[in-house]
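So, here's a batch of structures to check.
First chain A sits with chain B, and in the next complex the same chain sits with chain C.
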Partner chain A sequence: MTTRVYEVFRRERAGAAMQHAGSIAAPDPRFAEIYAREQYGRRGESEALWLVPREAVQEIDEFVDEFDLKYRRVDGYSLKERLKEARELAGASLREAPGGGDRP
Partner chain B sequence: MSDRVELLLTLADDELILGWRNSEWTGIAPFLEEDVAFSSIAQNEIGHARALYELVARELGSDADAVAFDRAPDEYRSAPLVELRRLEWARTIARHWLYETADAIRLEALKGSDDAELAGIAAKIDREEVYHRIHAEMWVDRLLGSEDGRPRLDEALDELWPYALGVLDDDLRPELVARVEAKLGRALPEVEPVPRGRHEPELAELLGEMTSVRRSAPVGARW
Partner chain C sequence: MAIDTQTEEFLAHVQAGGLVETGDWMPDEYRKRVTKFVEMHANSELMGVLPERDWILRAPTLQRKLALTAKIQDEVGHAQLLYRVVEDLGKPRDACLDDLIAGKSKFHNVFHYPTKTWGDVGVIAWLVDAAAIISQKALLKCSYAPYARIMRKICWEESFHILHGRDVILTLVTGTDGQRELVQEALDRWWEPLMMFHGNPIPAEDDPMVHWRIKSQANEEARQQFLEGYVPQVWELGLTLPDPNLRRGEDGVWEYTEPDWERLMAVVSGNGPASQERLAFRRLSRTEVDWVSRTVLAAAA
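Here is the complex of A and B:
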């Protein structure tokens, strides 16, 4: 029997986003529906399911970032390093200032 | 024993024994997804049996487990169709579909019952049986549409047909004939039904295994 793979997405409750739940293999869409119901819906864990034949999924898995444009990324660039540098700089200038460190 | 208890036991015993038979496929179904689905259907049937045994137990002042497990084989009301052990896929699908089709007819009649509790539980059970019927029908369509599957399914259906007729009372049988023949597009052999009330030799063996753990513990053991 030839089966095809369906990617299954499930929505946990109304208004929530669909999330990938897993996949199932089935010979046709009717079997896919029953198998998806049994595997991803019978414990009350889903409010809705989407079934997508795997061939319909367009995958992108290469992301060029040759110039290291960190500010575009969701995590941004790290402030930690810069704060540390700034503190060290400030500490040094305080110590160098006349009477620095033991003001009345 | 009242007619009501008799009827509830008939339904419950059919569901329990068929659920048990279907569960024999757990781990050995033709492929993994089917294994999960068919095992789940088996669990549902046993769940229906449990709900029905609860009603019986309330009337008899007993408990569901005692009603389900502590009777002698000849006290079971199950139809011979569900007792047969046919660990072969075409026969399993044939039995599954014939039973679900007969059960649908029986449940439709019960949903219209004057007994509100009975009508209610029939409706509740039927809401799950919808998916069992979809499952059974898609398999029948698949086997009928395959060169290899069709003769196997036809042979199994002819073998099990007298047993299927025996699931229902006389008045509901014509409806079963009509539905099964409509789906198959052919006439079924005119045969005498294998009636409820006699049992297949496999039943005693099944009950022996089903109750072996329960019987191994002292009476009144708490689990």
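Here is the complex of A and C:
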């Protein structure tokens, strides 16, 4: 049996990202198009399809954060303690010089 | 035999809600069970169109004919999508079709019965599809992610089918006495297979399919959901169901006459009233269209 597997991606509406929808098996690209249209487009549920032969997909599924690069993520910043300290400092200076500036 | 560590870790992963992708390592037992389950689902979609196919030429109006044809196309499409899932698990589609026509693999009990009148077509589209969608919605949580993803598309299309079924039923019950009678007779015929639909009431903790989180719902839970959702809808139309013990208990649990589970086993093993006729038809169409696939594949090669 000389069929080939194609991964099908679909765009649900204009501006949306292409999303993986499923796969089909077809003997050649023309049949792949017919099957993909029938399976993923016949009710107007897609506005575009991409067909990619499965062997063309290069998969990467391991992500090692060897150096724990937290400074690139939001959870790498813990402001709570320092904010508290900064507020206390500001409060102390306020007591020393009340009414300064246009603070509410 | 002691379960190896890798299997234990896999089990803990799926039981904690973890998902499995095609390329991931999985224990042989898990692969076998998912394959068999999805294959049976695919077989059921493919065989399930035959009772409806009988009515394409006899549909009462052009609109019904078109709707029925569209529903059949959806279901054959579901079979195609599901066989793809099975193929990725390692069993080729040809092998699935060969096993199906040889009687080596099963398909759902409700597709082993004949459709005597247009009333049966309405009851199938409404209540058989309603029972099916209860199981299918629960399968959205299946630990085997490629199956769960395909189930989202299937559920979306099934929701049209139930509406089509209700529309057929409502037209008949608001029609002549004869039309109403068609629905009542069909209900009487289909009630037993419908009560068998979700399987015997095996407790979730004894069900290996729940153990591997391939299924997330116990059989009886699915049946109760079906009864709770649909018996009142049948009754409100002034129709009756052929079970004198059917009633909703004060605790909200439905009571009913226990179906004959041995008979269910016999039906799905190929001894239902229409089993052999349906398989013979599938065999015939497989041999008759063989030249088409050979020609197509030769031209594409």
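Annotations
The rule we apply is simple: the second predicted complex is superposed on the first by the 71 of 104 C-alpha atoms of A that agree within 3 Å, B and C clash if a C-alpha of one lies under 4 Å from a C-alpha of the other, contacts with A are read in each partner's own complex, and residues count from 1 in each chain.
FYI, a residue touches a chain if its C-beta (ideal position, glycine included) is under 8 Å from a C-beta of that chain, and two chains touch if they have at least 3 such contacts.
Remember, it's a predicted structure, so these values are computed and weren't measured experimentally.
Once the two complexes are laid over each other on the shared chain, residue contacts for A:Glu38 go to chain B and to chain C alike.
Residue contacts after overlaying the shared chain place A:Thr2 against chain C, while chain B stays out of touching range. Contact with neither chain B nor chain C is seen for A:Ser93 once the two complexes are overlaid on the shared chain. Legend: residue contacts after superposition of the two complexes on their common chain; A:Ile24 is shown touching both chain B and chain C.
Within chain A, the residues touching chain B in one complex and chain C in the other are 1, 3, 24-25, 27-28, 31, 35, 38-39. For chain A in complex with chain C, the residues that touch the partner chain are 1-3, 5, 21-25, 27-28, 31, 35, 38-39, 43, 59, 61. By the touch rule above, chain C contacts chain A in their complex via residues 23, 73, 77, 80-81, 84, 87-88, 92-94, 149-150, 153, 157, 296-297, 300-301. Contact residues on chain A toward chain B in their complex (touch as defined above): 1, 3, 24-28, 30-31, 33-35, 37-39, 42. Within the complex formed with chain A, the residues of chain B that make contact are 30-34, 36-37, 40, 131, 134-135, 138, 142.
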